[in-house]
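The two complexes that follow have subunit A in common; it is paired with subunit B in the first and with subunit C in the second.
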Partner chain A sequence: MSIRRKSLLTAAGVAVLSLVATMVTSVGSASAAANCDPFAGYHGLKGKTVTIFTSILEPELGTMKAAWKDFESCTGVKIKIEGSNQFEALLPVRVKGGNAPDLALIPQPGLLAAMVATGKVKPAPAGVIANVNKYYSPSWKALGSVNGKFYAAPLGSNMKSLVWYSPTQFKKNGYTVPTTWTEMTALADKMAAAGQTAFCGGIGSGGATGWPATDWLEEVVVRMYGQKIYNDWISHKIKFSDPKIVAAMNTVAGWMQNPKWVGDPKAIATTSFQDAGQGIPSGGCNMLQQASFYGSQFPAGTNVSPTGDVFAFYLPGINPAVTTPVEGGGEFTTAFSARPEVQQVQAFLASATYATSRVNLDHWVSANSGVPLAAYKDPIDRLSAQYLANPKSTFVFDASDAMPAAVGAGKEWTEFTAWFGEGKSVADVVKAIDAAWPAK
Partner chain B sequence: MSKVANHSPGRRIYSTRFATIVVWIITVAWTVPTFGLFVSSFRSKTDIYNTGWWHVFTHPSFTFANYREVLFGGGALSLGNGVLPYLVNSIVITIPSVIIPIAVATLAAYSLAWIKFKGSDFLFFFIFALQIVPLQMSLIPLLQLFTGGAHIGHITIIPAFGIAGHFAGIWLPHTMFALPLAIYLLHNFISSLPRDLMEAAHMDGANHFKVFRQIVLPLSIPAIAAFAIFQFLWVWNDLLIALTFASGTEEIAPINAKLASLVGQYGSGWQFLTAGAFVSIAIPLAVFFSLQKYFVRGLLAGSVK
Partner chain C sequence: MGTFISDNAPKFGQVLIAVFGFLAIMSAIFFIAGKANGKKSKPIANIVFLGPAVLLLGAGLIVPTFQTIMFSFKNDTSQKWVGLANYKWIFTDPDIHLVLFNTLLWILVVPVVTTGIGLGLAVLMDRMRNESIPKALIFMPMAISFVGASIIWRFVYNYSTRNQPQVGLLSAIVKLFGGQPQNWLLVKPLNTFLLMIIFVWVQTGFSMVILSAAIKAVPADIVEASALDGAYGWRLFRFITFPSVRSTFIVVLATQVVGALKLFDIVRTMTGGNFGTNVIANEMYAQVFVQFNQGKGSALAIALFMCVLPVLFYNMRNLRLERSHR
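Coming up: the complex of A and B.
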């Protein structure tokens, strides 16, 4: 017994020793003296602390800290940021309990509205308003406003309105990237005539099967009718059974359920969204509407660039009256304190200086038009920024994320899966979704 | 010898062996996932992603990289400064959250059990009944009390504590929610101590403080230790109170808050979870093993007296 125990202890000792031995801590190299010129406009921050609460976690959290390091060292302010994956649940509790952070980075317009309803959110100060008017499109400003009053400046953003394709295959076949919806359908006809599958599709995603199809409908709705009707649709002022939405669904059916273009439409329901685009580099299918993150789904070593194996183009608009419709997401810097240091940090986060320093560090997209496009290293990031930061763009949030969960993360998914997989009629689908809308 | 008598020893052996096998199967089944987690914590990220942990038996390859990054932070920006500051926070949170309720509860239990005063039974019953108040329900009111105090109209009944976001703001809720159970458990134990002891001490001129200090406290050590283990594990494993009453920053958050976010923004860091989990259970295990003889004694204390 004692011998066994001794050997166990020895083993543990050896393990601990080798653990210590392998721990060669690298001391971070002291960075060169920061250039403080861009921060000349910020005053009286020395020794002040500003707290930020966010749903963003490591490693992005660390990149954010690095992006405002110069600001901290030049102005003397200390920014304490806390990331939690329980953000959506914790923020309301802390705000109602009187323990709100100075700033919160809220990723859902619905949660922003709920926080404003508590009366604890401070309206955007002049510095923030100036930056947002200067650098962001009006549709972004509208998303940071509640009942016409502007509260929160956008911070990060991401883009859904992309179509993935293969530049090498397009070049080989003599196809050109379409810039209008009509051009896109004409291109699809051309591909069909050449015996090729124009559109790839897959809506399988385990328990969330159906979500890619909700994106297709959202893209079409905003392209046909613009931001106002899109938002009324989210709030159910316009029902799914409204002729406008039914017409949009028929457009989706003529696009992604068109046997000429997609092969067997029913196969879309059983193909996972991850697998859907795998045929693009080899020309198995030619185009797939998917968000900017889809680039990571291609096998390692795939060249993602404007001349490579795969790249993306902007999903063209339908209605010329709706300028540059873009669907995506983002987070909004919301203030729960009007202390001068909080307002200055808030203004700094809405500035082009912060956005550019963040873009310089890593994969990240800002809708801030003050960021030079050349600063983006990743070509997909640059493409996304080109549309997100366009002052004329009509930006909308993912509708299914903004709708009540019973619909947006439930009935809409299952009904759309039945629509694709079982050929359920549009009339039956919209009826079932409207019936699932929770009563107020 | 009757047939039954012949039969029963064999039957007992059979049933004992059967029981042993069942116990072993349950033990192994129960331990295998933890063991797998333990093995995984020493494997590289690529190995974890590509093969199951049982592959170490055929292709042994171990690394301390996960522990190094979890404890001291990654070379890159992936983990910040590692979990060590949070581990220290956890200790700072847990020890007072165990000691304060025990100190209050032993005194309360003694007075409720051995000092007869009007309404003492009702008071004990009332404290016992407080256990039904669910923690989740009282989060927001308690937080409001800490940050804003209590008012009726313009009259301040209780001033704002101003302790939200400090360690005291975590100790106090833990103490509050531990007291009903602590008083109940210790009351049952202390009230079952022999009356003769107390009476003899009083005869010799000891007052209540002396009796408490020199007789009750030493005799209650098993019950106190048993409750200390309960409370230690509960506070150590708590995430809700710490996240609500403090915040998740490095200055104050316990290790659980860090563990919950260790997996990272895109869920890509879960090789750190394995190592993080073992770092975080090391201290509770040490506490449990050093106090476990009291644990069993304390559990049995009420039943055999």
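Coming up: the complex of A and C.
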């Protein structure tokens, strides 16, 4: 082999190598340049670590990590997240033991209040306040506050205020989706006149039988009286025997125990909530109030979409003074440290940038109004987000979850089951529930 | 499969370490104990052989019993002593009265029916040809758990709302005789008896098999001798067969009483304790693990324990008498 040929080969080799190298760097710099812009406002995070503790587990945990991967690579911060199914029991232990995480994603306002009471929770920094004021409705901010002081920004959320129906059946029968409570009752009357069952219902759920009925009452209470009275009801400042709650129970009775609309109201007590809506696609019954997760209860292959076999509409409001009442759940980013890097990560999690990148990855709903609705791929997610992120929405948490377990997971379930199944009177039901409230 | 093994390899490793560790410790103890001789060998042997059992019984049974007794005198978060308040609650709350009444009903009805039918079947099938076939069929539900059986029987008692076909077997049978289908699980107090049928269905096979074995053990010469004396049919059963299997009958009956007292799965699966069908075990579970009322739940557990004790003592006394006769 001549010297000339050898050098030529070497030159070619170098050229190829450098080409590959430029390709690699250009790909790297291109993606970095495209994705680092939104993070320009975050400084001094390089080499810092922020720990998060949550009840969220794999595979959702992995999706969360993917959603903040660009943030980590651009700012140089390291976010260490740890999920545990014992979160609610472990968090107080860790906080008491001086081993609190930097951030905790707390899924109940009650636990947030308990943590604030320990004095270890840091108030929300300016960056978080700015994002929450900009993107979240005041009722969400109120849920992240304890005694009027704002601590925790919302992160994920889910919606219960939905009514499942069949778009194809509605189209066939010439029904339109109701947008007010009066329209809904008028539609139910129309269905009854046509010999159809307007509302499906089932509150059977093994040892938790009765919970769907507690949701119905909660939906009605927030629709009639708004967030303030709803929260007073949770804290038992307003008793079950209060005329307001009794009136709400009578509204529920006129709705889900109305023999004209539901057929046999007593059968609701013995029908499992999973089975309750199975008649919807075929028109066996027409409407079922259930949470957003109910879509997965329909048989595989059911088309869940605005023109499909089943879809949901927003359960309309009752009192016009209560704007867009929504019941649901969500978790709140609570800080146990005021280090600058923690506060910046906290602000980032409350931003529209994070929420949008999370929505882009997978099934997830944010109450952040900065997320474009078009980003949601799942139609039920999009519908939920439309109401959860509405700046005027009156958002409340599940009341029975927030009440003491002796009521919220005990007497309220069993008494409501007796109310539906055995025709126990409202007066007796509220009396028994109030009597079960634990003494302070 | 490959990922399954690689994912679980650490677990298998831990299991192996635990098993071999246990073996190593036990061998060491036995080796050392084996070295002992002379006067000390007997007490050491006692400790080595009884020790582990006593330790496990203590940790798994005796300590929890005393702990539960303590909890039953404390409040729901076990932070304050409340004296007899939890027991007062058991005897004054009308809902708990219903629970106690239902449990009593279960103890009175279920064991008698289960053991009675079991005995009847055992006697009737004793000299049948191919008795193993019907026996196997009747014994079969025994292989199904109470939860599984309850799910099966849910279909039997099923009741559908308007615009949906009735698929429940019980409704179909009632309709055949001109009755109306009903939401069976809501009909009080019939629903408690409908739940008892499930227990009977599962447990009758057990009673039958045990009693049948006892009947087969009655010496043939006694039966023949009594036949010569003119004992046939009912008289044979009344004076020969039943007295011979009486002790077995009592053991089976006692087992069923304890089973009925502890009954939990059927009520939990069928009604969740609603519609007036609640029993002690289900209420105890709901109090402790759903509503986090440790005190009330523990008091119920102790009440249940107290109800089981006399049955156990009777059973033990019976066995002891039996032994002294032989």
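Basically, the second predicted complex is superposed on the first by the 406 of 440 C-alpha atoms of A that agree within 3 Å, B and C clash if a C-alpha of one lies under 4 Å from a C-alpha of the other, contacts with A are read in each partner's own complex, and residues count from 1 in each chain.
Just so it is clear, a contact is a pair of C-beta atoms (placed from the backbone, for glycine too) under 8 Å apart; a residue touches a chain by one contact, two chains touch by 3 or more.
What you see is a predicted model; the values in this text were computed from it and never measured.
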Exercise for review: Label the relationship between subunit B and subunit C on subunit A in the superposed model as either fit or clash.
Suggested key: clash
Exercise for review: Using the touch definition from the top, say if A:Ala418 reaches subunit B (first), subunit C (second), both or neither.
Suggested key: second
Exercise for review: Could you say whether A:Asn85 touches subunit B, subunit C, both of them, or neither, answering first, second, both or neither?
Suggested key: first
**Study point:** Which of subunit B and subunit C A:Thr51 touches, first, second, both or neither
**Key:** first
**Study point:** Touching partner for A:Gly97 - first (subunit B), second (subunit C), both, neither
**Key:** first
Review point. Regarding the shared-chain residue A:Glu60, is it in contact with subunit B (first), subunit C (second), both, or neither?
Key: first
Review point. Touching A:Asn173 in the superposition: subunit B (first), subunit C (second), both, neither?
Key: neither
Point to revise | Segment of subunit C that clashes with subunit B, given the candidates 23-31, 59-67 or 131-139 | key: 23-31
Check your understanding: Touching subunit B and also subunit C: which subunit A residues?
Key -> none
Revision key, fill the gap. Within the complex, subunit A is touched by subunit C residues 76, 159-164, 183, 185-186, 188, 268-269, 271-276, 285-286, 290-293
Point to revise | subunit A-touching residues of subunit B, taken from the complex the two chains share | key: 64-65, 67-68, 71-72, 75-80, 139-140, 142-144, 146-148, 164-165, 243-245, 247-249, 251, 253, 257, 260-265, 269
Check your understanding: Given the complex with subunit C, which residues does subunit A contribute to the contact?
Key -> 196-197, 204-210, 262-264, 266-267, 269-271, 279, 284-285, 405-406, 409-410, 414, 417-418, 421-422, 438
**Study point:** subunit B contact footprint on subunit A (complex, rising order)
**Key:** 18-19, 22-23, 25-26, 51, 53, 56-63, 65-66, 80-86, 90, 93-94, 96-99, 101
